Amino acid sequence: MTKILSSENLCKYFGGVRAVDQVDFSVDKGEIFGIIGPNGAGKTTLFNLLTGTLGVTKGKIYFKDGEITNLPPQKVTRLGIARTFQNIKLFEEMEVLENVKIGFHTQTKTNMLDAVLKNNKLKEDEEKVHLEGLKLLERVNMLDKKNNLAKNLSYGDKRRLEIARALAVKPEILLVDEPAAGMNPHETDEVVELLEQLNKEGITVVIIEHDMKVIMGMCDEILVLNNGVKLAQGTAAEVQKNPEVIEAYLGK
Amino acid sequence: MFGFYLSQLFNGITQGSIYALMAIGYSLIFGTLGLVTFAYGDIVIFGVFVGYYFYAVLGLNLILAMLLALPITFLFGVLVEKICYEKFRKEARMLMLITTVGFGIFLRSASQIIFGTGNKSIPTLIEGKIEIGNLNILYIQLGIIIFTLIFIYALRYFLNNTRTGIGIRALSMDQDAAKLVGVNVDKSIKFGHSLGVVLGVFGGIMLGSFYNAISPMMGPNLGLKAFTAVVLGGITSIPGAVIGGYILGIMENLAVAVFSSGYRDVVAFIILIIVLVVKPSGLFGKEVKF
Amino acid sequence: MLKAEDLKIHYGHVEAVKGISFEVEAGEIVTIIGSNGAGKSSTLRGISNIEDKAGGKVIFQGEDITSLPAHEIVDKGICHVPEGRHIFSQLTVEENLYMGSYSKTDQTKAEYQDKLARMYDIFPRLKERRNQDGGNLSGGEQQMLAIARGLMMDPVIMMLDEPSLGLAPLLVEQIIKLIKEINEDLGTTILLVEQNARKALSIAHRGYVMETGNIIMSDRREKLINDPKLAEAYLGVG
Amino acid sequence: AEDTVKIGLSAPITGNYAEFGENFQYSVEIAADRINANGGIRGREVEIIVRNSEGKPNVAASIAQEFVQNKEIVAEIGDFTSTSCLAAAPIYERNQMVQLSPTSSHPDFARSGEFMFGIVGTQAAEGPFNAEYIAKEYLGIDSVAVIYINNDWGVSTMENFVAAAEKVGLEVTGTEAFFGGETDFSAILTNVKQNNPEGVYIAAMYNEASQVVNQIDRMEWDVAKLAPSSVFSEQFLKLSGESGEGLVTNTFFALEDPKEKVQSFIAEFRERADRNPNLHAAVAYDSMMLLADAIERAGFDRVAIRDALAETENFEGVTGTIEFTDVGDVVRSYMIMEVKDGDWVVQEDYR
Amino acid sequence: MAANIFEKIITNINKNKLKYIFLLIIVLLILPFVVENQYVLHIAVLTLMYVLLSSSLNVIVGYTGQYNIGHVAFYAIGAYTAAIISTRFNLNFIIVILISGFVASLFSLMLGIPTLRLRGIFFAFTTLGFAEITRLTILNWRSLTRGPFGIPGVPIPQIFGMRLSTNTHFYFMIFILLFLMLLMTYRIINSRVGRAWISIREDEQASASMGVDTFKYKIMNLMYGTFWAGVGGAFFAYFAGYVSADSFILDESFRFFAMVLVGGTGTLAGPILGGAVLTILPQVFRSFARYQMIIYGVAILLIIHYKPEGLLGGRTFKRDLSESEDN
């Protein structure tokens, strides 16, 4: 297995709050990697650091062979890292299909002049984006809603659309933040299925989730954070047995 | 030469203290309540004219007339809130920009018709001065500074320590949540807004009395200056707004002293932009989501 | 104690709640379950009147509160902990808790301090963060704060909208237990909306099931838990 | 109605210059009523079409377009500011209709076309008068600072005064500009005072000029104050109170003027506006009368009106005798006025 | 009642969009030949010019959510550039108009680089300040701009030896410019670039996460919008033959903003209607003289009260301009 994403002594402080404190971890290519921890442990903050949404206080982040510490989000995305947000962030006033099309931004080249001239480059790009966009919507079972405004979707659909949009980036690694939050068991199963399917197709998945059924059922490896500090990293079985993890997070 | 700069500095402080006084009410309405307003100057001047009307037309005692204007402008503030904001509380703030611009145009023109088009003179409320060395300090100037200080502390106390005040702060962050803990959102917004208006009118009266002149057309410029002071100091901070006012006054006057009088406002706005670029939340403000 | 009759809520052309009726008896824990977009949150928002109702009536302790303004409904002792937390982001944790007692005008300082201490007992995490702005808390911390803020009101009835959303497992247990305790120890009536139906039913006395704006089922908890259709759609296996 | 003569009036009825526009409207209407009472022009009643230019040049241009399009309108009076007049000028010129501005004193205005006329006298004439006769001779000062409003009128007033001052050996110690609507003049006064001039020339309308003298007074600065005719108004006295004492200006219209036509105009104006007319009001009145005179001679053709207007000889208005120069300006003769005991008092007559 | 009819008309228009657009273009093309009243034509020219200006603002405010309330600055820069160049050099007016657009665009780049990372209302403050700085600089820099005197004598534009001096000529000039602008904007909006702009409006953080270089696209957007403001200004300079700073006060900026909001943001049609309504309305009310501005103010308030999303608006502004935080 080769490392795809890793950090070294990663820290993020907000004034006195050490949201992420000296975290070392690494994700192997092709696995499903879970991140758990009590509320406020620093999981979302970690995602924000990895994707360039927040600048790091200290430490380094590596993606494949290069360092990506403090790269701006759009560059990180270009390298092949896509994410979803804990608080769903869709382009609310845009149609579902348009939301997905934006995901193809990095893979198309049309510039303003092309658009004005309506040349072949524009036509090719638009055609490609349209077709592939529809394909992605089909994958997440949302083809029938392609012309709805994103804001009018139900919660579960919004989550699915966010994943579809992230997939449009053609990521090597996908970071999802609590994809099953607010879903009923039935809907949760659908999301799990989708993520597992993606993983089979070769996308590395990093998932934050509080639903232990989801985490324990599908993760190859789990990182446990507590108060910004790494508590443990290991397989589901290892983590579940770890007394510190039980004490801090799992209970019983 | 030194004396020259000293007196320009003093001019700046004088003018700054007026900006500062005007900025307090603006800061309450705009910074704390989050109500965008570009009619503030017009509303303030309207309020001062109400006082002027009592004094000059109805012949009341000057101080009485001005005091009488305050409760009336409080009620007027309620009306303004109803017209410009009530329906748009859940809408984008940019709509308020247009409603207040529209209302400002309306009020300014109406004032010209009601009160006449020309400048009007208001006598000084408190006559007299003290001399310190070469400097003459008028009582009215001292009054302005003292009231500014009183208002900062009173308003701070109000917002941090009284029930209504904390309610106003809370509703400015999340109106639904405020309702759900029992804040009468409608009344609180109206109250806060009117309080801001009254503070502004009070400032306007001091200003009119200091310069001995008011005109319906003074509104926009006045509003723009109060606005600049508030943004400069940081929209969330009331003391910041006051300091912003002083900085603005001093910078403008030094600009006149050092460059030329034509560049007075240019300098003010350049400083505004620089401050925003370097510290978007203003000199003393907290980072807010606006 | 709380009764809704033919409640309707519309958003433009969307009919989110299509005329539902239900009631909650004093001392009960009643849960409303249903999939996303069923209209559960809208129902609660309609009761506390932060959303305009298109029709229907709400009766509380025999009094018609249908069109009372939201803050007066709070005064009556109805507390609504909304979905999505709605923390006052630039107030500190402690100020947020103070806001919870906003409607308690007749309460003494000592009583207030007492209650505050109790909240910090229940949620030690909040005590650690007491001077931090609410907006900078993590999702779960905010959820705790929202519940604690509601409890500060000493409500007669507490309407909780998905209180377990985004919480760590340990906390979900805690909160479910807490709700039961509030109900049993303080006698607070509870109306609980939950996505986590199994957990909700484990403490509820009765439940309603909503689907696309209608109540499609209502029964005592034992019956609901054992209903096969329900189990498949909402409870999940295991 | 069909049988009226229509005259367009373009004036700032709202906005910053509203009080001046209002004066225009009062005066022109008084003049029209008077003409109509005397049987109109060539038997037709005069009708004034008022349009609000808001003090904006682009709006003045639109109004010009409306007026020239309306075939019943034979000539236009207005606008107030030189910029508005200049913006409208090409349209009037192209469509061959007279634009008679009561107040544009910019030397370029009347030159900008055959159909452009200004009757207030240009700064090219007033500047030298103020420098030579008011400053040097009447006040007997050798140095002066200039405070001027930074608009077209203010700058041209300042420039013409400064140029004339240099010629007559009056030292200009400094010039300071301010923008319209300013209330605080302490900074520029402090600047100006630093060079110790003997006098201050205040190139401003009466609103700001009264503020300036107030603040000079507050600084306890004993300096000679002089200003162009724009300050000559009752408003100035009201707004400046005691601090206006001793300010000197010129005018070619005086309330004391015993002539019957002047007194009856003043009486009528007082009746309608509840105040005394100022210089701007008086020139607006004369503008209407001048046009009536020209139309009486020429008939209702726009071009003929222009020619008749240009040929006007020895027209006796309330502001003195009016005759146009080749370019369409009027050369004025001035009186010196000073504020004494809270009133405007004529000191010397250069008529 | 009237409201109802209006709604019906709007839905009808939305249904048969293409037909109506075509119809509108035909009507606009025929207009100058049937209308003989020069005043009406003059107002028609102004209306199209304001539509161009408000549409150019809409690109910035409506599509990318950048609250530029100092748009008048770029209009002024365009107008002055055209006036200065055309009175000093003998250049074809088309070139002058292009240059003016680019100069305005360049200034927006200068303003944008330091200020674009500011969010929502804070960006708005800086544009407001910039508008005032621009106006005051024009007034102060007398050697270049003639200060408060303005620049008269902007030459009459010529093409193929023909002098374009009548209202009809100017009508077609602005019609072509507007047509080009709307066509280009339509195409851009429906391309990758436009999508990126809109995504920034909707959620800047999410947009960056999709790989959009938000800073670059915001700059591009600002430059594109201000280019057309500059073009509008240059047109104005030729049309009026005279520019002066009095035409470029802050009120004018608010007027553009009102046009966009009254019509409906983020749609092509909205600012067209808004621009037309708010240009024609004051002309209609001009004969009310002193009551004119009162009516104007009330009209704006009424429209916004009646339809907060704008007459043709479908989408509404976000309540908070930068509510997007990460957790």
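The chains carry the letters A, B, C, D and E, assigned in the order they are written, with residues numbered from 1 in each.
The criterion applied here is as follows: a residue touches a chain if its C-beta (ideal position, glycine included) is under 8 Å from a C-beta of that chain, and two chains touch if they have at least 3 such contacts.
Please read all numbers here as calculations on a predicted model, not as lab measurements.
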>> Return the chains shared as contacts by chain A and chain D, ordered by label.
In response: E
> Count the touching C-beta pairs: is B-C or A-E ahead?
Replying inline: A-E
>> If you average the CA coordinates per chain, which chain's centre is most distant from that of chain C?
In response: D
>> Measuring centre to centre with CA averages, how many angstrom lie between chain A and chain B?
In response: 48
> How big is the gap, in whole Å, between where the Cα atoms of chain A centre and where those of chain C centre?
Replying inline: 31
> Multi-chain contacts in chain C: which residues touch at least two other chains?
Replying inline: 138-139
> What are the residue numbers in chain A that touch two or more other chains?
Replying inline: 44, 86
> In chain D, what residues contact two or more other chains?
Replying inline: 14-15, 18, 22, 150, 179
>> Going by the contact rule set out above, which residues of chain C touch chain A in the complex?
In response: 14, 35-37, 125, 132, 136-141, 143-144, 162, 165-173, 195, 197-198, 232-238
>> Which residues of chain E touch chain D once you look at their complex with the stated criterion?
In response: 37-40, 42-43, 46, 136, 139-140, 142, 147-150, 152, 165, 167, 236, 240-242, 244, 246-247, 283, 286-287, 289-290, 292-293
>> Going by the contact rule set out above, which residues of chain B touch chain E in the complex?
In response: 36, 38, 83-84, 87-88, 90-95, 97-99, 101-110, 112-113, 220, 224, 228, 231, 260, 262-263, 265-266, 269-270, 272-273, 276-277, 280, 289-290
> Considering the complex alone, what residue numbers of chain B touch chain D?
Replying inline: 4, 7-8, 11-12, 14-15, 18, 109, 112, 116-119, 121, 136, 138, 207, 211-213, 215, 217-218, 221, 252-253, 256-257, 260-262, 264-265
>> Quick check: in the complex, which residue numbers of chain D touch chain E?
In response: 13-15, 18, 22, 25, 50-52, 54-58, 61-63, 65-66, 68-70, 81-84, 86-87, 89-90, 94, 106, 108, 112, 150-152, 154-156, 179
